[in-house]
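Heads up, the next two complexes both have chain A, just with different partners, chain B and then chain C.
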Partner chain A sequence: MSLTTAQDATFNLDTLNSGKVPVMNLRSMDAIKKEASVELASTPFPTTRDEEWRFTNIKAISRSAFVQAAPADIKAVTYDTATVPEAKDSTLVFVNGIYSESLSKVTNIPDGIIVTNLCEAVEKHAALIEVSFNKANNFEKDFFSLLNTAMFEDGAFIYIPKETKFERPIHLVYLTHGHENAASFPRNLIIAERHAEFTVVEEYLGDDDQSYLTTSFTEIMLGEEAHMSHVRLQKDGLKAYHVNRIVSQLQRGADLQSYTVSLGAEIFRNDVRAIMAGEGSHATLDGLVLVASNQLSDTHSIMDHRVANCTSHQLHKTIVDGKATSVFNGKIFVRKDAQKTDAFQENHNLQLSLDGMVYTKPQLEIFADDVKCSHGATVGQTDSEQEFYLRSRGLNDSETKEILTFGFATEVIESLPVDSIKADLRKAVETYTKRGLE
Partner chain B sequence: MLQIKNLHANVDGIEILKGINLEIKAGEVHAIMGPNGSGKSTLSKVIAGHPAYEVTEGEILFEGTNIEDLDADERARMGIFLAFQYPVEIPGVSNSMLMRQSYNAMRREHGEEELDPLEFDDYVRGKLDLVEMDPKFLDRSVNDGFSGGEKKRNEILQMAVLNPKMALLDETDSGLDIDALRIVSDGINKIKSKDKGVLLVTHYQRILNYITPDFVHVLKGGRIVKSGGKELAHQLEDQGYEEVVEAK
Partner chain C sequence: MSETDALDSVVSQPYKYGFKTEVEYEEFPRGLNEDIIRMISEKKGEPEFMLEFRLKAYRNWLKMEEPTWPNVDYPPVDYNNIIYYSAPKKKPTLDSLDEVDPAILETYEKLGIPLNEQKLLQNVAVDAVFDSVSVATTFREKLAEAGVIFCSISEAVKDYPDLIKKYIGSVVPANDNFFAALNSAVFTDGSFCYIPKGVACPMELSTYFRINNEESGQFERTLIVAEEGSSVSYLEGCTAPMFSKNQLHAAVVELVALDNAEIRYSTVQNWYSGDKNGVGGIYNFVTKRGICKGVNSKISWTQVETGSAITWKYPSVILQGDNSIGEFYSVAVTNDKMQADTGTKMIHLGKNTRSTIISKGISAGESNNSYRGLVKIGKKADGARNYSVCDSMLIGDQCGAHTFPYIESANSTASIEHEATTSKIGEDQIFYLQQRGLDEENAVSLIINGFVKEVFKELPMEFAVEATKLLSIKLEGSVG
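Moving on, here comes the complex of A and B:
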């Protein structure tokens, strides 16, 4: 099968899969993959003429000849699962999109909880997958979610049964290793039954010296009153392209606390969606983006309030230095049945250089009449009264900017649920601010 | 220690200070009193080096050095400290982090070894009692969510930590209830010494019941219109600014 795309794009999927969609050996899943590949063939590669991509030029992706990442030589790859000590015995490691058993460590998982990779889950838990896979996915005519669905070979599968609390965070690590222009497509499926409680950390890592493409997709289904903390760390190499989709579906009273921190990649596009499908559910989608030099980071989010009495919270902060670009498009949908919705959205952008670009667009679409929605966006430099306060305490100009930048970023970090990751990110922010202003 | 000669200063092109002359020697406490809009707060900000204020005439000498061209941080490292009337909130930056960085900036200036976080923690804990502050304040973001009294105590804590030669206290008493005023004043009294100068800017005489000034100056319309001893403060309290100034 040939999967050539849009007229003006040189992006050629033939080079990715030599005509074949990876097979998962589960009839329903393979049918979905095949369908996606067919639809993908007639879906144009996005350009800045598309409203959803207006400020995010991804020609660089279409111009590169990406090839499906070859299975890496695992002996050449190392990962210490104790990097996040809280999750040292609950870490799944994927290399180039494929599960690596030798690098992973998953031990002492309580009965009923499943923490594994999708390939194995297809064999052992087919019934669970049949009823859940691709069910939350509400991306339509979206090139990259189709690409992921067609091309994924593996990913994480997590299942938390009802009334079960998993104390340890589950750490999912995605490494890209090996050759130039490697493309990988991790696909994750996370399911929690009612009253489940758990934490998942997704972490994407790669080297600075090679260009690669990650197209990831995480589906989350939270049952009634399930509580999930979710952290997504994007620490890709600086020549990487990363396009991600997360969609979560929340049943009655479910609670999602999701934090995305983006530090790496040359181009990062993150689409996060929370669907509040059950009354009284709550979603937090906070974000922190640090970009410098020629990085581009774009977050498009949708809070979809479908039913009454749901709440949502979104604090999205970005720091832009050098010639970097940040894009934020935050949509809040309040459907006509979603009375008593309480939605909060704030986007704050700290611009450290004159050459950096910030685009921010809050978008409220409200079809119910008894709702509370607040939103605000700020773009600016550090506050002059804060600066004078710190200068009057003996700190020079660069120390003052450093400390204020650090303070701006830590507001998001402080909410994270895993201590070692908080500490690690504080250091990352320090490194970013001490790198010297460009 | 601090000599101010014929100081004129503008903000946004409007002249606020119109020829201030003042000398503060080591060990002295000077109170600057005046009605709203007299230029009291401007004076302390100009001495501390606020970039929004422009000195158009005259000079400020600190220990014999003209500090006009120095930035606020350079003045601070020489030993000038401004306790803010409205302390600024800095979310995300802990009190201990700010104070340690400031203190180490002072130490570097004097060629001393910097303190690591543990050493600094020992040092700062010794200062908390001065303003009756709980150690948990050290981990909170600077002034973020603090009550008015907590903010002012935090200013005095910073002053105790940085141990300046010249303290400028800008309406440190405003907004304090009686207990907080006592705590803040006690703190200031413990910190002040014969080798330090204090400039106390205040609208009310009340704080002078706790901190005894050596000199009281009345500022009006950007000029010092009357100077005297501590009895002048009582006279102001009884008669009001108008009458005292008229009677000069």
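Moving on, here comes the complex of A and C:
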């Protein structure tokens, strides 16, 4: 099976798992996968002629022949679960999209909470999966979510029962390793019942010297008054392609704090959607993007206010250096009956180099009158007055730039819920600013 | 009277310009083909290059598709069922106003544009376009003294072919978009204005457009050229009678500003917008673009959009000359089933170019109001600066407000700021004004006037009065 698109770009599915759709041990799951693969066959590969992909050229993805990684490649990988000490006993590790029991460590989990891989959950918790799987998915006719649904082999499954608070962050690690052109399709399902409270950290890692494709998809279902903190770290190798989809559905009074930090990958496309389906719910979708050399990072977000009295907040910051490109499209939808909505969106872009490109398109679509919605977007450089002040205090040019760039980035980092990750990211920003100024 | 009622009455008022003038017409058969275009060109006695320009545009248009990306919804337009040429039947040339059909003069009188010498006091020169042809241009002699050419574009094609040849299609190419191509093929009249080097135009120039014939479309073309160091302020107004059929208005406006020149272009658009159920009204598909060709030049667009069933309009500025300035001030009001997709494009190419965008949208009834804008900073536009604000106000829970701002920056020394807000009239604001003794209607009116003030203050004096009046007409009769 190969798909031809308008631009004659073909995305070759033949090499993936010999063109077969992986089989799951649950009948309803199989039906979903089959349906997705049929729909995928008739869905064109996105091109820059599609409004949603206007500034992101992914021809390079369609040109490579990706191969779904074989389990044999997994052996050589090592991972130390103590990297994030807060989550040393609650870490799931996936290698090339497949669960690695030996690298993962999940101990001392309180009764009722489930932290496991999707394949096992399908066998042990079929009822839960049946109710929620693929239900929040509102990516219709989207090539990459269909590709993930059709091709995924495993992913994480998290279930927090009602009135339960899980103190430790749950750390999900996705490693790509082994061979050139490896493709993986992690699929995650996170369910929280009424009054649940928990933190999830997703981390994507890979080799710098190999080109690979990660197509990930995370579904989040938050019950009434549930609180979730979600951190997503994209630290892929610099030759990687990563297309991600996250969709979360919030019931009455639910609260989602989501942060995405994008550092790696040659091309990264991130689609984040928060559906406020219950009154009084709140979503935060913050993002930090650091790109340099020839990297491209594209974030498309949707805040979907479907009912009244919901609030949302979004702070998206990008720093562009070298010949890199950053794309941001933040949509806020306020549906007909979503009165008393309060939505705020901010997008700031810092352009450090002459060859960088910044595209930003904040977008409001409002169908209710009693609302407070605003967005702001800026593109610019470090402030000359601030520079002058620091120079007058005796700092040299590069130190000045470094401090100001660092300050720009840390606004997002400071609100992250896990301390060791905060410290880690501060270092990453430092490395980035130093690299950029050399 | 409840607050909602007050708000409703604030924005709903009958269309005052909906009368039709009975004049005899000279019309071409319906439909569009090369013969019709040849007939138009022949009728107007155009030189060969104009006919070629038209035919080339027509052939391009045939290959083009109607754009579907705007946030508007309307049944397909049958381009072969439109009368492309419709002119009041009278003598072809008019030397003085006395020769104009009195019925037409009366129409303009009703519209509040006395074409007569009263204008002297107001210092405004008017070119009036009735359906497809220009009927009268006032004050030509006085303008000629200053060296300013202000005439209908048909005359300009005959009298100043070199200028026309040089500038027509230079800002909006004939194949720019579907509607611009259609206009280039069939345009029947419009205004031409040329300000020579170093001349500050002694009076404000103005064009009034009116569609009177039920079956005709209006395709006018305006071209303004400001030579080095000159300046001009240009006003444009539009009205149409009420018909249950939709009519097409596809105009093209081109502005050229050379070194140190300044053009201010103001529009009050009040085409018929259809009735409460969305029957009838004008489809207003307009391409307006200016180019700041020279250094330190400036183009400023101000528009007050209160009419049309569908508006599709993006007055743009190409900032090519170093230090040039582009401005866009807009108020768009939609009510009932009106749909507006309007905004601007600021293309920064030169160094230290600056642009300002202030857009205010008011949506009421079941209307949809979209702002769509592009700010593009080219690679060589060092030190470019943009500031955009687009605010929307929603009145009632059946309408929609949308913003689609595109920002594209390829230069790291550029600085761009964009902000947008959406809100309704604050209850506390109304409460405050009411406890100061204003009734609800006046309170609402005051708040709306405050909301649009930033844009209205950019209008030339005469238009500011008219625009404020237009807004207050919307308010009148709301107590009851």
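Assume the second predicted complex is superposed on the first by the 425 of 438 C-alpha atoms of A that agree within 3 Å, B and C clash if a C-alpha of one lies under 4 Å from a C-alpha of the other, contacts with A are read in each partner's own complex, and residues count from 1 in each chain.
Methods note: contacts are C-beta pairs under 8 Å (C-beta built on N, C-alpha and C of every residue); 3 or more make two chains touch, one makes a residue touch a chain.
None of these values were measured; they are calculated from a predicted model.
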Combined model on chain A: chain C and chain B, fit or clash: fit
Chain A-centred angle between chain C and chain B, computed on Cα centres after superposition, in steps of 10 °: 70
Chain B versus chain C as contact partner of A:434, first or second or both or neither: neither
Which of chain B and chain C A:378 touches, first, second, both or neither: second
Which of chain B and chain C A:141 touches, first, second, both or neither: neither
Which partner reaches more residues of chain A (counting touched residues only), chain B or chain C: C
Partner chain(s) touched by A:364 [first = chain B, second = chain C, both, neither]: second
Touching partner for A:390 - first (chain B), second (chain C), both, neither: first
Chain B versus chain C as contact partner of A:407, first or second or both or neither: first
Partner chain in contact with A:399 - chain B first, chain C second, else both or neither: first
Minimum Cα separation, chain C to chain B, after superposition on A (Å): 14
Contact footprint of chain A on chain C as seen in their complex: 69, 377, 379, 392, 394-397, 399-424
Interfacial residue positions of chain B with respect to chain A in the complex: 48-52, 71-73, 75-77, 81-82, 84, 87-88, 90-93, 97-98, 101-102, 105-106, 109, 141, 158, 162
Residues of chain A defined as touching chain C within the complex: 51, 55, 336, 339, 349, 351-354, 356-381
Chain B-facing residues of chain A, complex: 384-386, 388-397, 399-400, 403-404, 406-411, 414
